[in-house]
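The next block holds one structure in the form of structure tokens; read it before the comments.
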Amino acid sequence: MIVTARLTFSAAHRLHNPARDAEWNRRTYAKCDNPRGHGHNYVIQVSVRGKIDPETGMVIDLKKLKDIVRERVIDRVDHTNLNEDVDFLRDVIPTAENLARAFWQQIAPAIDQGALHEVALQETEKNSVVYRGEDE
Amino acid sequence: MIVTARLTFSAAHRLHNPARDAEWNRRTYAKCDNPRGHGHNYVIQVSVRGKIDPETGMVIDLKKLKDIVRERVIDRVDHTNLNEDVDFLRDVIPTAENLARAFWQQIAPAIDQGALHEVALQETEKNSVVYRGEDE
Amino acid sequence: MIVTARLTFSAAHRLHNPARDAEWNRRTYAKCDNPRGHGHNYVIQVSVRGKIDPETGMVIDLKKLKDIVRERVIDRVDHTNLNEDVDFLRDVIPTAENLARAFWQQIAPAIDQGALHEVALQETEKNSVVYRGEDE
Amino acid sequence: MIVTARLTFSAAHRLHNPARDAEWNRRTYAKCDNPRGHGHNYVIQVSVRGKIDPETGMVIDLKKLKDIVRERVIDRVDHTNLNEDVDFLRDVIPTAENLARAFWQQIAPAIDQGALHEVALQETEKNSVVYRGEDE
Amino acid sequence: MIVTARLTFSAAHRLHNPARDAEWNRRTYAKCDNPRGHGHNYVIQVSVRGKIDPETGMVIDLKKLKDIVRERVIDRVDHTNLNEDVDFLRDVIPTAENLARAFWQQIAPAIDQGALHEVALQETEKNSVVYRGEDE
Amino acid sequence: MIVTARLTFSAAHRLHNPARDAEWNRRTYAKCDNPRGHGHNYVIQVSVRGKIDPETGMVIDLKKLKDIVRERVIDRVDHTNLNEDVDFLRDVIPTAENLARAFWQQIAPAIDQGALHEVALQETEKNSVVYRGEDE
């Protein structure tokens, strides 16, 4: 049984790898490399997998799951500039892929071991990613 | 190949475990324990997995799948109180998790063995669950 | 310029006019007359009309508008039974039309005179109403 | 008859009135005043009102309407910082209200006189504005 | 008070004016002039305006409104070719504008005089029209 | 890590197996067998699975993925009749299942071996399919 909570936040970001030159960055990120940034309304969906507790009828209290995501992710990234304002994103190029993995790493320690199933992040109506903790 | 039908229904429910005391229920379910109930527009998505029949180009006739879900689930739960009106939910705490599993149990006998893949149930824009028949 | 805030709540209700007999209620409300109730995820959109304040660039602070709607409507109706739990709905048949008008009456006194433009209430994906304060 | 085209863009912005002090800005715009900005996926809907041309069956060629909005708005604001990158927003506090009015002023000269009916701008799932050219 | 019902249908169509030559049609309708047609999932929203009946709490029984739209529009256009299969669209170029007006003409006679407020028709996520009976 | 691009197209189709008689086709496809066709706004979501490239922070450049899908699928099917206009669908009954598999076959050769994860195709709000390259 998989249980999913959906939350949203709004942030600015710039895609830029400071280890590479301007030409490489422009070719790789095109208009996402705008030095003054652009932004998105992100949708984050966090899924936990487990058995139903017969006493509560729940896998996890969704209210508690949302509180965890709010405290560990939303409150730190909402209405920020993801390149400059967020401690746990220092030295991270804020692509949707890197954000999903970083959010997983923020959330996982607060969830029973092995129960975190998926962090899905939608950047726009057209672009989204899913991370399931692979390669950790 | 996975084929999915989406249907909706509206119902009232109350989260409450009569085997536990009022304090436990309030702590566990908070405002979902309101004795007079609250309600939702539920979205149910039922998925069947199989090979494409080369003669029809279909895994399953989606119209027939919807008829099954309508007859076995929607017609029995739509515009009801899930705690009181539904035979197959007697003694079930109507959390999204328990509902998804109960709906799976209603639908599975009408689908070719092993073909039912997933029952997804969205309770609100923010809360949803997925059940794939585990632990049966 | 019209500014709109969107909020949601979940509630149970029953459509029933106690001044009329059972047969009339069944004919009028069909399955919405179920004595044990059913429920919905309601979407409320509240619109305010006004000029842009040149100093703030805003017609109204949307955060304040949402606080008003939350305090005067959402906190009183979310996770309730609309027939039994809500003071300002006593003796109101909780159709979408009556709810929209009652919500308008709750919100209007907190908004500058004449500025409240519209209360839209969506009951399901298929049913919605709009109220603009006519006949008051 | 009203015809509407829907387009989207993503941008960063900061709400800040440089004519006022830091305290006023923090009180007025709260976290939207973050000096490093935040951002949104904006949805713009542009409506034109007119009679149906009996020869084409159209009020306006929606493809041409979209080309106008793309050339005059989307291409200038997409993947930008609205405070710094956009000529026609110089000295404009980029609230949704001010953006909608500025977009109207960009689009109106390219539409037959009086035909532009409405510019609606959605900033998030919860916040939106509508402008119909009043006060011009 | 405005009450709105939302329904959907799927149909094929071709935009083509047989009174004009091939070159004019190609220039006017571009790929919508494909002789073998293309198609859409249409969303129709029908709005009725009126006072709330104090006895029912409703402006109009939404179930009855949907039955009217289903019988007079949906059942005649769903899974059809709008250019060839629909009596009331004979000699109508099936643009969204012309469809909305034709649907209004189908529905209006079944609604109390003056109560039909609006027929909105969405052709794609990006294109929609609204008709309010003007010029009749 | 799974990365998904969402694109849309509009097309007409008819479900019909010419190897079977009229009675079988009517029984199997019902109104989808209308000889003059009907149509849909299709939503295609293409997912690629891979590791994050540490230099770019991306699994695949979503812009390039969309260009591939646009060139190999969208530009060939948008505003067409899927039964008659599309080379790679010759002799394919255009059910959602067959379309998803055919689109996979179009897209896979342009993606690094094994990286294409899923092609999801939504035909209407109520019907969708997912294909992951099984049985090839």
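Labels for the chains are A, B, C, D, E and F, by order of writing; each one numbers its residues from 1.
Simple rule for what comes next: a residue touches a chain if its C-beta (ideal position, glycine included) is under 8 Å from a C-beta of that chain, and two chains touch if they have at least 3 such contacts.
Note that the structure is predicted; figures quoted are calculated from it, not measured.
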Practice item. State the pair with the higher C-beta contact count; candidates are A-F and B-C. Key: B-C
Practice item. Give the label of the chain whose average Cα location is farthest from that of chain F. Key: C
Revision key, fill the gap. Distance between the CA centroids of chain A and chain D (whole Å) is 28
Study note, to complete from the structure: Averaging C-alpha coordinates per chain, one finds the centres of chain C and chain F separated by a number of Å equal to 42
Check your understanding: Could you say which residues in chain A touch two or more other chains, in rising order?
Key -> 125
Revision key, fill the gap. So the touching chain pairs work out to A-B, A-D, A-F, B-C, B-F, C-D, C-E, D-E, E-F
Review point. In the complex of these two chains, what residues of chain A are touching chain D?
Key: 8, 10-13, 31-32, 34, 36-41, 78-81, 84-85, 124-125
Study note, to complete from the structure: Residue positions on chain F within touch of chain B in the complex are 15, 17, 19-20, 28, 30, 92-98, 100-101, 125-131, 134-135
Practice item. Report the residues of chain E in contact with chain C in the complex, numbered from low to high. Key: 1-7, 47, 51-52, 55-59, 61-63, 66
